[in-house]
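I have a structure I would like to understand better, so I am pasting it below and will then ask my questions one at a time.
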């Protein structure tokens, strides 16, 4: 029984990770209708930035985490200005190929710069074990879940109350009207991208102490995050979050009880299964965050 | 005139092994090796362009079909001792059947979801190939794949493999031509450019997308089988996502939707790194950047540049249309 | 038996009934206009009967056979042609190739024949090209036959779409706002083209906002308001119908 609970805990950790990454992807799609195939690489770079700040520079954990988020937010803004802005007006083929190309470039650059050996980044919390009635888990896992929930709550508040957040929501519903009303479409797109990248880095800073960082980690992550976005109902952030947790738990249970080797295929299986039965995703809504 | 050029050009292509022996005697084996890859990749790129360029389905599943054909021949030839003449069609058939099965759910997805779904399928295929060690040998690879033998004809030398590849390329190019012209070609292009209007022209978008996908997949499987017959060894690393990126580079660099363009792209793509002797990781970085720049700045690729250059030559005093 | 008929056709979107139990009949050879204020459901009805939307209720019959909910490409194959409100062409193809694309079901070619450019294939292709050129000439686009459709002006593209819809010789032609967003000369040309079709015995159902066009060329007018049919009859009668006046000029 405790075995099952541990699998579920692991599932929640995975779910939190996928949800944070999927949220960034869903935001991008909802606000500017762009699928960023290189989104997983933002996570990967965030992980390396965190590793560098924490393990190489010796910064305290929270500082290192924030440094990673800041670094990636800046990188995200720069990338938006350099590439995304140009391809926003183009067809989705161009967008897809351009971001896929970015993904390959970043992954291979990471191999050159950091090498293929995974980086382990243990922290105090990842080593400390919490024991709840026979169920053992690293404290870091609690942090991951709590932080994820806090981030989602902050995002909800932001979209409902902050000027930029409200602009993002408005753009996700009707972009043309926003331009007419005086919303700075370029600025909102830029900010959304920065937030998206920052979210990925935050996920990396939270989860890297538990899993390791390696150059290829982005590819599978993009796929699973995308699966969550599709299963949740394209562009609908809350749906993506719920679907991400569903996928995380399913993957953990499958790894524990079915086959560890094929666990990465679970997200894909869930996605195809949902799409065959309900092409608009579990939560149906298509537009609007 | 045109016919003479065709005959001369074909003769030159066939005579390459002798030309290489005469021009670069010490390097003949290396040059032929590169050319074998070039013709095989050329055929593979054409099969991909059918799907991406002519019917507009951005599939990332092609490596999976390439791998399916390769594994089918590799396993049938080594474990079941099937002769090449049967293993090759089996590889093509399996890849085509899987393409049909996968296409049915995939084409219910739109655009991005379709791309992601096909990517997921490609990754899933790689995961299976790597982990089903009992069947596919996993990372231990399938080794000792025999050289093709059809009756008395045995393909074992480099020139022989080159001619086999060249023959395959010629067949695929002929098929490509036939599929992308006249009524069928127009139907494909209609689906690509305006699916709603295509339906009003009594063209069933699903039917044509599936047709291109299945034929493209089958051909990819055939090329995979030929490839593995040449290399002699098959590891799961052959069917990674990188192959999709490579194909995209070949097709977009050369000119998506154009026979000549795609072949030029495949030749440039395969020959260039050999000439530059780049390390694999740096190669991928360059390809990624190249693809990024091409798709944004020159989506018509080299073919587009060539066409613009030649039309400018024909109308030197034109002030623009 | 009417050529084309809808019975109780209904389509709802998120609580709004866009098309409300509409009964509509078109006899062979008629020229009928479907009018109504903005949002009255005209284009939705078109989309329901041409396979782009699935009706929630009701039946659509064409030449005696039930075509309710049949997919768009099959509807086209059965002999119903249409144009679109936002003019739709294949921009990368030439005007000629646009028309050739519409001739799908009338050509038989084998793959092998195509590969070796067999004489029969070439003959069929030549016949198709000839028909396309004559249609282009009849709408005044003969000189632009080789031009990519994307380079044509809006009005020219409308004429092209019109010619393309005629290419497979449909038994029923549905025109969605043929006179919209074009200059008066083009409108006259459109009217002349539609009248010519009618004289040839073709059946035409058109959706139109331009009252002059409607009154000028229609044999019969059907009026929709908020998804419901509120009036039907010859143009002069419908124009004076108080319900129609109220629908257009407010309450």
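In this document, chain identifiers A, B and C correspond to the written order of the chains, with residue numbering beginning at 1 in each.
Basically, a contact is a pair of C-beta atoms (placed from the backbone, for glycine too) under 8 Å apart; a residue touches a chain by one contact, two chains touch by 3 or more.
Computed from a prediction, not measured in an experiment: that's the story for all the values here.
Asker: Going chain by chain, each one touching the next, work out the least steps from chain A to chain C.
Answerer: Minimum number of steps from chain A to chain C: 2.
Asker: Which chain's centre, taken as the mean of its Cα atoms, is farthest from the centre of chain B?
Answerer: C
Asker: Please indicate the chain closest to the centre of the assembly, with centres calculated from CA atoms only.
Answerer: Minimum centroid-to-centroid distance belongs to B.
Asker: Averaging over Cα atoms per chain, report the distance between chain A and chain C in Å.
Answerer: 47
Asker: Roughly how many whole angstrom separate the Cα centroids of chain A and chain B?
Answerer: Measuring from centre to centre gives 33 Å for this pair.
Asker: With chain centres defined as C-alpha means, what is the inter-centre distance between chain B and chain C in Å?
Answerer: Their C-alpha centroids are separated by 41 Å.
Asker: For the complex, give me every residue of chain B touching chain C.
Answerer: Those residues of chain B that touch chain C are 174-175, 177-179, 181-184, 186-187, 189-190, 193-194, 196-205, 321.
Asker: Going by the contact rule set out above, which residues of chain C touch chain B in the complex?
Answerer: Against chain B, chain C makes touches at 50-52, 71-74, 76-77, 81-82, 84, 88-93, 97, 100-105, 107, 109, 111, 114-115, 121, 125, 151, 164-165, 168.
Asker: Can you list the chain B residues touching chain A in their complex?
Answerer: Result: residues 56, 58, 105, 108-109, 111-113, 115-117, 119-121, 123-124, 127-128, 131, 241-242, 244-245, 248, 252, 281-282, 284-285, 287-292, 295-296, 299 of chain B touch chain A.
Asker: Where on chain A does chain B make contact in their complex?
Answerer: 29, 35, 83, 86-87, 90, 92-94, 96-98, 100-109, 111-112, 219-220, 223, 226-227, 230, 234, 261-262, 264-265, 267-268, 271-272, 275-276, 279
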